[in-house]
Structure formats: structure tokens, C-alpha cells
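Letters A, B, C and D mark the chains in the order given here, with residues in each chain numbered from 1 onward.
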Amino acid sequence: MNVKHYIAARAAKELKNGDIVNLGIGIPTLVADHIPPSIRVFLHSENGILGVGPSPDQDQLDPELVNAGKKPVTIKEGSSFFDSASSFAMIRGGHVTVSILGVLQIDAKGRIANWAVPGKSVLGVGGAMDLLEGSKKVIVTTMHVTDKGEPKLVKELTYPMTSERKVDLIITDLAVFAVEEDGLQLIELAPGISLDEVRQKTDAPFRIAESLRTNEVTV
Amino acid sequence: MNVKHYIAARAAKELKNGDIVNLGIGIPTLVADHIPPSIRVFLHSENGILGVGPSPDQDQLDPELVNAGKKPVTIKEGSSFFDSASSFAMIRGGHVTVSILGVLQIDAKGRIANWAVPGKSVLGVGGAMDLLEGSKKVIVTTMHVTDKGEPKLVKELTYPMTSERKVDLIITDLAVFAVEEDGLQLIELAPGISLDEVRQKTDAPFRIAESLRTNEVTV
Amino acid sequence: MNKLISYEEAVKKIKSGSRIMVGGFGLVGCPLGLVEALAKANVKDLEIISNNLGEPGRGLGMLVRQKQVKKAIGSYFTSNPEVVQAYQEKELEVELIPQGTMSEAIRAGGAGLGGFYTPVSVGTKIAENKEERILNGKKYVLQEPIKADFALIKAKKADQLGNLIYSKSARNFNPIMATAAEVVIAEVEDVVEVGQLSPEEIVTPHLYVDYIVVKGGN
Amino acid sequence: MNKLISYEEAVKKIKSGSRIMVGGFGLVGCPLGLVEALAKANVKDLEIISNNLGEPGRGLGMLVRQKQVKKAIGSYFTSNPEVVQAYQEKELEVELIPQGTMSEAIRAGGAGLGGFYTPVSVGTKIAENKEERILNGKKYVLQEPIKADFALIKAKKADQLGNLIYSKSARNFNPIMATAAEVVIAEVEDVVEVGQLSPEEIVTPHLYVDYIVVKGGN
């Protein structure tokens, strides 16, 4: 099983018919492949597109049609184009229903760091802060630990925080956490993952939901 | 001679090729009839039009095409439509070259009152303050005295001020004043008008330009 | 996700005491069918945000005549003498804002801003209760954003998703009001299939539009 | 009132030390011909306001490689490693602004505002030197408007008056930059007769555009 696609598929289950959805770079981009055919969602790209479609074939490439990751895209029927100020007015004004974002760290309160690494020159922020601040619901999708095996869910952020706003849901290759008033709550385990493994690989404290269950998402 | 058309014709002489011009209600509206054919100016209407044309014939009336005075208009080739926020962004941002406005009073510093009358309920301001604040150059066109014969150029405003910003030029049926750093300067007399008459009908102090002359505008 | 509803269904959503933006510059670009339906409904104590309040007995003037409006926020009410009268008889509160400040405040409401500094109205009667501040050597006043429970707007065409285009100077306040209310209801001349409007020409993307009523329909 | 000029004439207007907005999101919607002409010109100490600084040696990356840029204001520079390097070697100052705050600040510059309150970046490293303020119970930071001496923008078509329309996601920062600079130069694919663009579809009205250069021309 491709774990990244598992994470994306689990995230796609959060989407509802009619949602306006902004997908970050990385795992979030994969969510588009897992949207159930029974619902219709509209992908917003902060560089000025509502109604992003799938990646084009090589012979359909349009140099003036890219997403916020600067990757070639297509558009669906009913799409529209707008300038950057209008696009971020939509985001900040709460008109984007769900943003699905990548993340470097998540703290015990559900706040995230996803734009800068300490020790490196901080020369890029892009739209990360705007999306986190403005979207009605924010889901983060991430591997549970870093490439070096370090937990990404930590007691306190050591990377620069992206926003004081907490995310709503955290989906990793191992588990799903809801962000509640009092902190993180473990609500699901990925298929084949034990509670012990999650405990071992999570630095941030979390409560365990009474309804904790293993989800049945497969890819 | 129609004095209102004389005032409008004198104001039209201030316009330059390529100017973006906003015309207020009343005498300013008449300026459109006096723009010399040698220059091309573009009329901006704050309800969302750049490129207003002449009034339509009765059979050309379009209910969705009116100016800021709610009067039917036409558009010229090269015109465009935009929303109210965009329209006032143009005005406030200094993208309108010249506004020609009507006025109730003008004080000795060249500040005006043109939106409210004391003692009456103040229930309308419209775009007057925006135009006065934002336009690069502001010309006021007015009869020198009120219907009751009272001077409109006064020492101090008794009507509510429209903006702290001074106007640049005052054109009346009797005279033309430039607004300078130190106050009003009489620069022209209307044909057939004596300096004494202007003195008698002006309450505000003013200097007389060395170059004072009688202009030769005729209508 | 069908956004098409009738005038009756539209107006049922609106309760007494609601704060409602209504598009239009005078009667031009005003959703007259929705306003008429509101005039027939049993709602009152409305707070209306609109540049004007129609003409005597016409457009929003109907709501004024029927004493359905408690407060009006706009830039120019003197064109309807019945508004002046209702104000003098203390039946109607009025908040007057310069037209450019009003349109910018509505845009700011839709764009999630907390407020902005405008140079317009500094030192005037209108700014008496506003915070004044010098920024980079120039005087400004602070204006708060304007938002509403409902926006009733008028467009020329919608597609079935709710994308909108407008007509000439009937555009005016409609596109910005579409961004700044909890529930946005658009009255349109025509509804076309999705794909019939060019992505470049759409002025209001469908994410802003909750319901569509076809003019003259029901 | 002929606005058509050559690349050479366009670039001659720009002096060393100028503050220049350049449209585009990466290379998409960037006026590459104008940037190339600028790279050939003997100007330096430029302050560039643009979302990115191109790619290594491409687009605005050319100006970075040639050390023509003194300061960059934008949201995302890490896509060009040469920018990071120049920054570390203290050859280049960088001012980082969230993309939405940047686009809104440019719009505010063009719209004559003194500043605005945005909730974005509150409590983060980016807001360290910004005024924080609570308005209606929510935290905001004050952002000043951004203006420039020049805006170099890219559009699809101009008419001979300078009205502009754009193409797809190449629109991005171009329309707002057109409003916020003293001198606006648009690089376009095509120039059409006045009247060929519909008044409803024009995105940038001609009053914002000072000069037009036709792509590939000279």
C-alpha cells in the first residue's frame, strides 16, 4: 500500500458535495485522485483559479495554466480566473470551505509549522499563512514521523509557527487526530497500526477517543 | 449668453488630451458639451463607467446605463464597466486626472462645502468626499452668488466642509480664481465684468494676480 | 447543489431584524423582484445596507413606505423624500458613509479584513466619531468592514453553478455585496448551462452565490 | 496619446535605484521580454516587488544573477537557489510577506488607502515588527500599502487605448500591480483596435496603463 495515497484517500473522505477545496503541495495534491465520484467539489488554486481539473496530457500543456505549485493543470467546466488580491480575499474572507495542507510539525494544541526551518534562511512563506487563517476547515496530511524517524506531533513547536489558528483534523499514515478545545484526540488508527505504535511515535500528549476505531480506508 | 454654459466652456479649457475626467451634477455636466474637438478626454462616472458618451436619443435609452446623476448615458468605444469598489479605488488612488464639481460655499483657503446644508437632515453625501480627496486636480464651477444674492466665496464655511483638501481652480460666472498656498488669487474676469463687481460680491479675501485679464471665452 | 429557488423560497429565509445588503445604484442594478417579494412578506425591523433607499414607493422605497426598515446604511438617501420624512419622524435610523468608503468597507467585509485607513472624510462631520491617524505623514480615518446576514443582488446571467456576469452600470455594488454576506441570493435575467460563461468573463465566481432566482419567475 | 513603445524605449525610462513591481507567479504571467530588456540595460540597485524572483538565470533570476537587484519584496523566493545564495552573501535584502497580505497591500497602494488590518501572520515571526491590534475581539496586524515607481506587467491583449485582458492563471498579480505604480508598462501578445474588447470583459481599464510593448517586437 502506498501510504501517501492512503493518507490522501482518508482526507478525501472529509469532503462534502459542493465544497470549495484548496490543496497544498505534496500529499494534499494526491487528494484530488481520491474524491468519490458521488460528490462534486471545486478546487481553488490561490494563484487565481476556481475549478482546477486533472493534470494535462503532455500534448495539452498550457504554459499559462498552472496551479499554486507551478504545476500544469487543466480546468473544468464552470471554472473562473481572477487576480491574486481577489483570490486571497476569497481565502481570508472564509469562502474556501476546506484547505488540506502539508506540515513540518504540529503541537499539542493543534497549531502547526509548515513554512520555515530553523537555521535555514527564511525566504519563502507563500500562501500558507493565509490558507491556515482563512479556510473554514483545515486538515493536515502528513507522515507521522520525519525521514529521520522523529515525531512530527510534538509538545511544542521548534519550527516557526504558521498561525495561531489550530487545524481541525490531522491525518497521518498511522492515525487520525481531531483537534479539540483541550488538545489532540486520537479518533482512528490506520489499518494494521497498533495504539502502542502511535504512542511510541507521538511526542505530543493526546487523549484517546472512546470511539477509537481502526478505519477501513484502502487504496 | 447662457452664463452656465460660459462657466462650463471656461472649465473645458482646463482639460488636456488624455485626461480622465469626472463631472459632477449641474454645471459640471455641461462641460462635456464644450470639450474642444482637438483633444480626447475620457469621462469617468463613479457608478462604474470609464468612457461615458453623450446623452442617448429617446429611442436609445438603456435602463442599465446611467451616470452617477442617475441620468441615461451612452458609452464610447473603448469604454469599460467595473464595480463600485473598483471605481472608488480609481478615484481615491489618484487615477482620475480632473474632477469638476459643483459647490455650495468656498472658503478663503479654497476648501469647499458641497454636500450638506445646516438645519436640514444630512442624509446624502454620495461620492463628493471621495472625488475631492482623490482627484489629481479639482475644479469647482459655480454661480458667484446664491439665488438670494449671497456670496458663495466666504471667509469661513458656514456649511459642513467636504474635505480638508483645497480645490485647485474656482470658475464662476464673474471670475476665475486660482487657489494658492496663501489663499485665493483672482486671475481672470469674465467678459464684461469689472473688478469692482467681483470685489462687491466676494466675501472671502483674495489677491489680484499681476497678470489679471479678461478672458475671451464665448458660448 | 441546485441553487435555483423561487422568490417565495428566497424571502422565507429572511427573518425580521435581519441585516441585508441590497445591490443597485438607485433602481439600476437593484434586485427589484426580490425587494418586491420582501415587501409582500411579513418581515420588519430590517437593517438595510444599500447606496440609496430607492424612490418613493419604488424599489427599497416600498419597504420604507411600509415601515419595514429600522436602520439604513448608505451614502445617499435624499433622492427619496419619504426616507427624509421617516428619519425626521424618528421611524428610521440612518448611518451615512461616503460612497467610496462604503464600497471599500463592503469589500473589506468579504475579504476578511479587520478595517482600513482611508483619507476620505478626514476632518469632516462624517468622521466625528472615527479614529483619526497619521500614517506616512498623511491623515486617515479608520473604517470597519461591513458585513450582513443576507445579500440580495442583481446579475444579468448565472450559470447553474452560480457563476455571475453583470450588465453595464447595473454592476455597481452587486459583485462586492456577493462577497460580504452569510447568504447570497442573486436575481438574474437568465440561467445558462455550466460552461456557457467564459472563465475569463465571470465576475462573481460561484463560491459566493448561495441561491439564484430567475427574474419574473416563480 | 500613442502608448505603443519598443522594449528599448520602455527600459530607458527606468533608472538605477528604481522600485519596480513585476507581475507573474513564477514565470507564468511575468513580462519576460521587459525583464530581459532590463537585464541588458545598465541599471542596478533595483528594488523588485514580485511574488518570486524567477528561476536561476530565468525571468527575474537574470537580474539576480547579474547583481542588479538590491532588495526583493515578495512571498516565495526559495524556488530560486541563487536568491538564497545572494541573500546569504548579503548581496540581496529580502522582505518576506505572506502572499495574500502582499497582494492586498498592492491593491491598497493602488486604491489610495493608508493601510489595513489583516488577521494573517498574527503571532508569527513575520509579524514581529508589525503593530498588532484587537478589533471586534479578533487579533489583526497593520499592513502598509505597497507602491512603486514602475510596474512591468504582462497581459494577453491591449487595445490601442491601453485597456487590457489577461490569459488564464497568467492574470495573477498583473491587474493589481497596474494600479499601484507611477508608470505602468504592459507587455502584450497583441494590440487590437479600440472597440474590439468588450466593455464587460476589460479587466484593466486604460487609465491604469501608460505604455504598451508588443511581445517579441522592436
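Here is the rule we use: a residue touches a chain if its C-beta (ideal position, glycine included) is under 8 Å from a C-beta of that chain, and two chains touch if they have at least 3 such contacts.
From a predicted model like this one, the values you see are computed outputs, not experimental measurements.
Student: Between A-D and B-D, flag the pair that has more C-beta pairs in contact.
Tutor: The greater number of contacts lies at A-D.
Student: In angstrom, rounded to a whole number, how far apart do the mean CA points of chain A and chain D lie?
Tutor: 29
Student: On a C-alpha centroid basis, what's the spacing between chain A and chain C, in Å?
Tutor: Centre separation, chain A to chain C: 35 Å.
Student: Measuring centre to centre with CA averages, how many angstrom lie between chain C and chain D?
Tutor: 33
Student: If I count partner chains per residue in chain B, which residues reach a count of at least 2?
Tutor: Touching at least two other chains: 75, 81-82, 88-89, 91-92, 133-134.
Student: Can you pull out the residues of chain C that are in contact with at least two other chains?
Tutor: 104, 107, 111-113, 118-119, 166-168, 199-200
Student: Which chains are in touch, pair by pair?
Tutor: By the stated definition, chains touch in these pairs: A-C, A-D, B-C, B-D, C-D.
Student: Can you tell me which positions in chain C touch chain B when the two form their complex?
Tutor: 25-26, 28-29, 51, 75-79, 83-84, 87-88, 94, 96-101, 103-104, 106-107, 118-126, 139, 166-176, 203
Student: Which residues of chain C touch chain D in their complex?
Tutor: On the chain C side, the touching residues are 104, 108, 111-119, 133, 135-136, 138, 140, 144, 165-168, 198-201.
Student: Inside the complex, what are the residues of chain A that reach chain D?
Tutor: Residues in contact with chain D: 45-49, 62-68, 70, 75, 81-85, 87-89, 91-92, 116, 121-130, 133-134, 160-164.
Student: Using the touch definition from the top, list the residues of chain C that touch chain A in their complex.
Tutor: My answer: residues 1, 107, 109-113, 159, 161, 163, 179-180, 194-195, 197, 199-200, 202, 205-208.
Student: If you look only at chain A, which of its residues touch chain C in the complex?
Tutor: It is residues 17-18, 20, 40, 42, 44, 50-51, 75, 77-82, 88-96, 133-134 of chain A that touch chain C.
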